[in-house]
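Okay, so subunit A shows up in both of these, paired with subunit B first and subunit C after.
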Partner chain A sequence: MQCTKNACTIIRIMIHQPASSFYGARTREFILESEELLKLHKSLTRVYVQRTGKPLWVVLKTRKEILFASNFRGAHSRLTLTITQQRIRALVFAHWDKDRKKRDFGHLWITQINAVISGVGVSYSYSRLIHNLYKKQLLLNRKIFAQIAISNRNCLYMISNEIRK
Partner chain B sequence: MQTHLIVLGRLASQISTVIQGKDKPTYAPNRDDGDMCIVINAKDVCVTGRKLTDKVYYWHTGYVGHLKERSLKDQMAKDPTEVIRKAVLRMLPRNKLRDDRDRKLRIFADSEHPFGDRPLEPYMMPPRKVREMRPRVRRALIRAQKKAEEQEQGGSQRKGRKREAKTEVAA
Partner chain C sequence: MASSATFSTLVLSSSFATQCNVSNRHHQSCFLSSPPKIPIFSIPKPVSLKLTSLLSKTPTFFTIPKSSESDAAVVDVEPDNVEPEPEPEAAPEPEPEPASVVEASKEEPKREEIFAVVMIGGRQYIVFPGRYLYTQRLKGANVNDKIVLNKVLLVGTKTTTYIGKPVVTNAAVHAVVEEQGLNPKVVVFKYKKKKNYRRNIGHRQPNTRIRITGITGYQDYPAVTLES
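Moving on to the complex of A and B:
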């Protein structure tokens, strides 16, 4: 192994994993395999500590951060400074997207329900459906409605007719 | 889709809905799943008001001072399919799927189209409420009708009649 003063060198190590450990409920062998992996991880970090002279906790932290960014494109998975930047961005966007995801799916479900409901008849639309829904105090939400619309359109028509009355 | 006696904008909005696939419950915004739309008799599409003369299509060529324009009438004379195509294209969302959706739209000025051998479903426009005429337009219409009647009857006492007609309409 090359001697470089940085714990952030990327070294790719291929580990031989016999296929038998992935069949069926062979938990005991799986546990053995995972113990082997942990031992390997420990010995590797000890090598890093020895070679770079940095304390163990530093090595562990940096290796973890590099692992996070290991599938990023180009310099974003190779250079130290950019790794830290891109890691922060990735985590921020993941957090931000938690709310976006709720919004995006809601939007999608509404469009899908509207697509089916507008075919019911003249001047019947998603907004009227929802109004009737609240009037009759039905507890189904848009996600379920959208699933019904995709899989079983007649069922949705039946529900909407029931609510309309 | 037959465009005979259908208003341009209403037609275009329906077409854009169909092309985006928004009338299907399996709609997904990242996927282009709309139906192909074949529009025939494009030269018979209508517009309301004075748009035939007054609606102008503008475009800029990029050179300084070269803002070009063309009115609806001239565009219909030149290429009637472009009118519908522009209308629909401008109603589609401006994203990467827009060009693919443009390819889904086939417009023909006459009733002939080369897709005769494929299974085509005719599309019915959803029914709409036509708003009732504004008072001034209605008065103008009545005046025009009265004039047509006068001309049929022959105008011997023209001036008197005209004054009569005016007072009637004002009341």
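Moving on to the complex of A and C:
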């Protein structure tokens, strides 16, 4: 069988774009379109199997890894061996960064609160705010404070005045 | 690639939708806990009416008059449904919005300008009536259950706040459980180099979607206002 991308497959996809898919019942057309895409995916993997001579499962696995690394720079998205390495690094860094994310947001909130509070008055700062917070037994955390500082600054001033007393 | 044709139409419609959204939402701060998702689904409809007039190859006659008449009207109305929703809840300082000031009072349903800070599952959330929120999975809560959240740490309106020390007594936030689902999948990939150790684990944390219906019971608490 000649497995080549030819004009027929392209035309088949392009003809199948019903105009009614833009409003009304979109699910039916979406299912039809996704079936077309699945058929295309199957025929493309058969092309790869034929051209590279590798077994189907290898082709499917490498295509998936290449998809994961498809927006990497240079050889990291093109060469299969470097793709596996870079994919591992990407996943590992993503895993580490889940903890970094908590740290980064904490720093951000503290800086934001500090910026707003320092504008309040003479020698008032983030550290004094937090100290007063604990003295008056409030439970609000820095994320909420930062959110209030951004969106509703009067509320933050009210809180800081109340705590200072 | 042949599939780029289908992808390009999908991408066009989505890029229109995001362009429509960016002007409304770019003043919204990034950690607001519940972005209004429902209005956004109303966007692709009128926007893609615009799109069919662009793709003039499609010979369906009933679309063209529809798009020309209702195009201008619909595209004006729909963004205003999105804009006033984040507007009154997000900031009392009025942000300059291009088209929403006139239509805001007409389009948007009456909503009290109030917010509360509630502690659920060990985390604190800012909560507005009418919006939804994803929290940790509440065990034993079924869909359409009414829930009362008692740990209210702060209640705020435009002019006054009720600051809880630590909790605003007798305040309650009423909510309805909408859905018990799972968070998007996180891949936990453990790897030690040169030791032949790798583990690929996917994890979906269970969550609950809650829609806030109202905030009550704070009126008797000593209020704090800004005496300027």
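The rule is short, and it goes like this: the second predicted complex is superposed on the first by the 136 of 165 C-alpha atoms of A that agree within 3 Å, B and C clash if a C-alpha of one lies under 4 Å from a C-alpha of the other, contacts with A are read in each partner's own complex, and residues count from 1 in each chain.
Everything below uses one rule, namely that a contact is a pair of C-beta atoms (placed from the backbone, for glycine too) under 8 Å apart; a residue touches a chain by one contact, two chains touch by 3 or more.
Just so you know, these numbers come straight off a predicted model, no measurement behind them.
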Which of subunit B and subunit C A:Arg28 touches, first, second, both or neither: neither
Partner chain(s) touched by A:Ala115 [first = subunit B, second = subunit C, both, neither]: first
First, second, both or neither for A:Met158, with subunit B first and subunit C second: second
Touched partner set for A:Glu36, first subunit B, second subunit C, both or neither: second
Subunit B versus subunit C as contact partner of A:Leu91, first or second or both or neither: second
Of subunit C and subunit B, partner touching more subunit A residues: C
Partner chain in contact with A:Lys136 - subunit B first, subunit C second, else both or neither: second
Shared contact residues on subunit A - subunit B and subunit C: 146, 150, 153
Contacting residues of subunit B [partner subunit A, same complex]: 22-29, 126-127
Residues on subunit C engaged by subunit A in the complex (per definition of touch): 2-3, 5-6, 9, 13, 29, 31-32, 45, 48-49, 51-52, 55, 58, 60, 63, 90-93, 115, 117, 119, 124, 126, 153-154, 156, 160-161, 163-167, 186-191, 198, 200, 224-226
For the subunit A and subunit B complex, residues of the former touching the latter: 108, 111-116, 118-119, 122, 146, 149-150, 153
Subunit C-touching residues of subunit A, taken from the complex the two chains share: 5, 9-10, 13-14, 17, 19-20, 22-23, 33, 36-37, 40, 88, 91-92, 94-95, 98, 136-141, 143-144, 146-148, 150-155, 157-159, 161-162
